[in-house]
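What follows are several structures.
Paired with chain B in one complex and with chain C in the other, chain A is shared by the two complexes that follow.
Up next is the complex of A and B:
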């Protein structure tokens, strides 16, 4: 094997390829660990340029120990996904310090492939896939260069041969991706990672929580309905129900393990749809208000929450159905009533309590009271803003009577407080509201910025009724930055615009198209599992093969590819043999005339020698020599034609 | 045991790939198998696949499939990097015993494709590397120590390639018809050269060949120096003749095998070889007499080679392939 790494450009290429495959990791790692890795690469490069000496083994060992300690310091472990990958990246970058022999380079290149794979544990977007395809190309390129005599002396040709290899492998990948049997579930449990930042909703609500999400345009999930999308005003995506308030934060509080009474689910009309959650860490699932069944792995609780039995760390895709018109929780036990009326003692919101009781008395009924409060929100100078002022000790009083500027969690929290103060059972529901219809994909996009908090009020004879106090704010008092979003695309503040899709401008149109691509990518690539595979096979008109059958089909296909390649080479061989036979025939004829080809004499030179001796046939001999050379040494586009021509000319030659 | 299998393999190889002057590699002559780096690659492939299944990671699957595809393609590509390559043995320059014979292997692209990073060597060693591009021949000279005089036949040539990925090795063992002529090792005879037993000055003829005094004409022998050709006579169409000069110190030497008595044949040949070279470098005419063969006196490269060849092949079967 070619041992030397001093071939032209080889070492810089190896370093570059290492940089490319580890770049996304370095981006993610703590800065000083990335810096350490980059410094190692730079050092080795400068050593190659003879600006620095090679690092000695003691330094390499010291740096490796430093990296090990660093990973432990940053991650508090060296096992697990994040820490393990970090360690692998660091070690392979430090490995370049002692990159001297072919063996080291081989290890580096092979590790490079694996590092590309570990990137996918963190991101599987189209952009990442594209980048990784480029990284694969670079890594393959350095593997080829390692096996080339001239390494990188002919960069174009090198790049082409790597590109050809990558392109040729794409059809394989496609076929294998569709046909390779998908093994179910993890083979073993990996230690939980921990320490990964999770964006999304928390399980409590403090003023500022939801508004923080409103700045976040990331996609929370996508929904595809069977049939028509529901009207926009009904797009309340139920997440958690929060019943307990401590004067600052709303939380679930004690929730009895009670299921939904079967009678509430029976007979109602349902909507069927499928939700594709973006990757994250989940403890509960979302469903259109209100779910009619438990999603896989969840229990449908009495308050219609879908709590997961085990937290999930991934992308989820689940079918759901929801009740169209519903009446839930008609019976309220005394215990439950107490729960939904509970207010913290001595929280200082006495003004709000008195106001609520007075208003309730004026309204005369719970329904009337609800309407009065909503009217109050609409008529008083309540503002909807992303930057609410900081509230004082008595949160509700300060908000309701002084500041009057807030986000949905302020309105929902205060509304429930006022209801409870007047003796009406109420609770906060958090989830998402709305969703953007994508005309390119016939599905809805729900973003983190659609995060919302609303309330449910229990009314005698009607059960829990959804009330969204935020929607009562007058549209003129919605802050301008939000206005665009809420007036045009969101029905929250203007119910009259239901069903009217805003005319998207070109940019928004492009964004929607891009998202539909992403959605397809997520559906058909990222969450391609056994179920999707069966669907894909039936879409392609193939039988629903089992895993073993798929294995056989694949094995046969792979063998077939090898066989076809073999046959092509054999055909080429046969053509060469034909040319050789023709020439041998000519040689024998010439030998009878006393012209014997020397072993060291190339055919063309031999024929030239004969031509000099027999000027009469010189022209024909030169023509034959030219044909022969073309056939043997140049890639002809019409080899068969030229072969026949050669045979004809040899036969015609009179000597 | 190992020897038994190796002999079997060699015998099988001799039947499958008998010695030829040259050949174009094809499926009959190419072997292919994963190498050590292929094992490393396979381990990475399996690890990637296991990780992808364990994390149910779709793009991880894609990567594993890509690596599988690379491995699969490498079989074809590595094989292609030998198939259609033409090799023949060129003419090897004669050497003396103790030197290394150099067998020129001429490689050409017969298929019109580029061939990259080919390793060649005797005895399974990767001694020399080359690329072969269509339209031009590459010549690699493979050294083989010349231990005995006579015809030195090349060992089987090992040809291997790992290109493009290094994970597979495609190789062949080629036997070439051909030889390198090995002259005896020149050794000075114990007696004073020039007057020793083997180099008798011809009695009665005191003239020595030199360039000082003109002493007549000899017919020009091909291979002799053109400096002594009588060009004036040639111009008068009297044929090509050498002017003969008498050198005061020179003498015509008669190199005789029988002159060394009590010395082993090989040693005698070595002495004679030495004397031939010496006479040639001194510009003295010399004749060589071996049992069963006598080479009349002469001088020049052609004469020298004729004598050395006779020494090299003395007692050996005539043969070799022209």
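Up next is the complex of A and C:
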């Protein structure tokens, strides 16, 4: 009876658990492969329900070949993360077509556990972990049902015991998670998922680049400050410094590898914080303007960029500190001066050049010139908009004198152009501005939509000064969609009338709460690396064990658990005396042949019932029943002898 | 072996009460275990015939008592009458001084009379005017009552029901047996002619053997588990008392003896459990005592130890 899967409700349960286990994969697979898998499940279900024919070995083999071919066709390989898992999912779904015997089901259920685990290769979010826990529960449910004679007779009780098992496993999961030695790098390199689109900043700036990001609400990174959050107006997250302009695009250009003079970093107050970058591809890191130290794995360059020593393809969590009030780049070499004054030749923006030189002459000093240009932005009909018109060939001229509608990159680019045209060294800085404070986690969320471009101007005696021309736009000419964003900029001339923070509604509140949960998940689960592990261990008052030592500790713990469990099990076994063990053994053997003893059925009566159904073995069974009864219910003078005889007869019984 | 005595009795009683062998065995087990029997069934199901047949087969003195609402305790126990010639009271034993008494419609008498009877059943003696009179040995009471509620009856309270070791129902005979019954002679006559299979001494010897039958620890475990289950089961208001547990054990021993065994099996316990426990259990939230179906269900929830 145990060998077949005919117990009511068992097969639908197995199919359901297979569906639950493979659902996230099916979602990811190409549609026709998912369809094939689902069709296999449905077919097996109908075969059970409507007595449709099952697939024969020929058709099964054909389908397996089709699946193999399909995976190869879609992925051009059958190995690796994507293709390997796809193949596994497909084959396990097709396996249900030949789900007849117990061993098929055992294979399926055990494979299910592995399939659940493979989800982590694709997604490590909290939602996925929760789903996997649920899938674990369902799979355990089928595991139990498979090994029980009454199968799904008491679904509630079944669900409860599966739930209990999963819950009981959680402490072990926790201990293993915390104590398992963390390796410095990934165990194997994840094959680069070439097709995966990565949003984020590029290393050049063309008009339209930043505004394209402004609609993207994905999170760029989260920041947790030690102590108070800085005011919004100071939240300039420095990314890249762009010095070269070719008439269309701003890029880093040739930058000599020079470090920051030590004197600039010394003294002065610093802010300490920790940044958790979302996964992406990075070649540089972000820091609050301006970083006071190099983040791990980066070099702090003379223009205060944090360039990574090798590109990164993952989530990153790093501590940082930044200077509060700063004066940087007081000395400007001649080579550097030339770099920051360079303009493309013959780019057609002659009107802008002439305008700049005239204004500079009128202002008399670089400082005055900067103020004049900003005042011009404020007083002239310059608009801050997400939908700037397409600019003509002479971009700066067209923007500055004709269109006057643009996003931050238009203003930053034009401003630097005008400064250089008048002989004032200037450069573009791209990064993020602002950040939403999450009251539930006391951290800031910086989104892709917070991407921003601003400028730095070099003034004699003051060094590089941050100027954000976007903030000079009159508040009345800011597109309503950008008001929230603009209000964070600390407008230069007029206080933004809409500067009040919007009252968060319940939905936004919930979203913030959810994000704080996610942030904690990312910090404590996903990026739980060797460093975090050491931190957690010291929080628990444990010594800072090395990887090998952790391994020993784990092994000892495991041995202890096994030993205690083993002793408990042995004790239970011993409590069952020899006669009971022999009888239970017989009972299991008979159960496999379809003879199941009801718990209230007296053993002798049960054996008599089996004897009636199996006349060939009746004599042996009756003899066993007699021995058992004598041992259990009569005064016997030689119980040990009879016990041995009982064991012998049970062993000899062929049924 | 006990078989030699019991099987002929079962056989000859089966001639009288057709197709009721399980009930006959239960009744015999009850008698051998020195318990009293409550037969609950509609009139005309063969209660009196069974009692008569039992009395004949076992060679017991038989007396039938019809309970009515004006019956007084002295009507069954007897009276002490003053005798002028000896100037003393002389005890005139009532009908209860017989070995096998059939009390018909026990629930029609007043509680006072009922309790006089039940007291005598329990104590196996009658105390009157300070003098104790032993009842004859063996002493076996078969009481019958009509299960349907009727006007002018006094249902036995639970404490009194407890005095009966078993309560069984005869039930309708199956059609084949009923046909036989119609074709054959009057069963009362047959019963009156049954040969005595036992004498008083051998019956008492059998009764003495009952408590001595082998009861293994495992069987005690089972009985205790059954009793414990009736106490914890939600569908039962009051579980079985220790006295009921003892009755269960004795009844099972009696049943084992009826089957000619000198050891008790879980099968014996299961066979007597509904008859022993049924009238002692009060279902939760319902009036009156439970039925055998409830006992059956409770029994099926308790695993037999292996």
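The rule we apply is simple: the second predicted complex is superposed on the first by the 345 of 655 C-alpha atoms of A that agree within 3 Å, B and C clash if a C-alpha of one lies under 4 Å from a C-alpha of the other, contacts with A are read in each partner's own complex, and residues count from 1 in each chain.
Simple rule for what comes next: contacts are C-beta pairs under 8 Å (C-beta built on N, C-alpha and C of every residue); 3 or more make two chains touch, one makes a residue touch a chain.
The model shown is predicted, which means the values in this text are computed figures rather than measured ones.
Enquirer: For A:602, select first, second, both or neither according to whether it touches chain B, chain C, the two together, or no partner.
Expert: both
Enquirer: Under the stated touch criterion, which partner chain does A:176 make contact with: chain B (first), chain C (second), both, or neither?
Expert: First partner only.
Enquirer: Report the partner of chain A that touches more of its residues: chain B or chain C.
Expert: Partner with more touched residues of chain A: B.
Enquirer: Tell me which partner A:584 touches in the superposition: chain B (first), chain C (second), both or neither.
Expert: second
Enquirer: Looking at A:274, would you say it contacts chain B, chain C, both, or neither? Reply first, second, both or neither.
Expert: neither
Enquirer: Identify the partner contact of A:143: answer first if only chain B is touched, second if only chain C is, both if each is, neither if none is.
Expert: First partner only.
Enquirer: Just checking: does A:124 make contact with chain B only, chain C only, both, or neither of them? Give me first, second, both or neither.
Expert: In the superposed model, A:124 contacts chain B only, not chain C.
Enquirer: Touch test for A:520: chain B only (first), chain C only (second), both, or neither?
Expert: neither
Enquirer: So which bits of chain A does chain B touch that chain C touches too?
Expert: Common to the two interfaces on chain A: residues 580, 599-600, 602, 632-635.
Enquirer: Applying the document's contact rule, which stretches of chain A touch chain B when the two form their complex?
Expert: 1-2, 106-107, 110-111, 113-114, 116-118, 120-121, 124, 128-129, 132, 136, 140, 143-144, 146-150, 161, 165, 168-170, 172-173, 176-177, 180, 182-183, 185-188, 190, 314, 525-529, 558, 561-562, 565-566, 569-570, 572-573, 576-577, 580, 599-600, 602, 632-636
Enquirer: Along chain B, where are the residues that touch chain A in the complex?
Expert: 21-22, 24, 26-27, 35, 37, 40-41, 43-44, 47-48, 50-70, 72-73, 75-77, 79-80, 83-84, 88-91, 106, 108-113, 116-117, 126, 129-131, 134-135, 137, 162-166, 178
Enquirer: Provide the residue numbers of chain C that touch chain A in the complex, in ascending order.
Expert: Against chain A, chain C makes touches at 214, 216, 218-219, 262-267, 270, 299-306.
Enquirer: For chain A, which residues count as touching chain C in their complex?
Expert: Contact set of chain A toward chain C: 579-580, 583-584, 587, 598-605, 629, 632-635.
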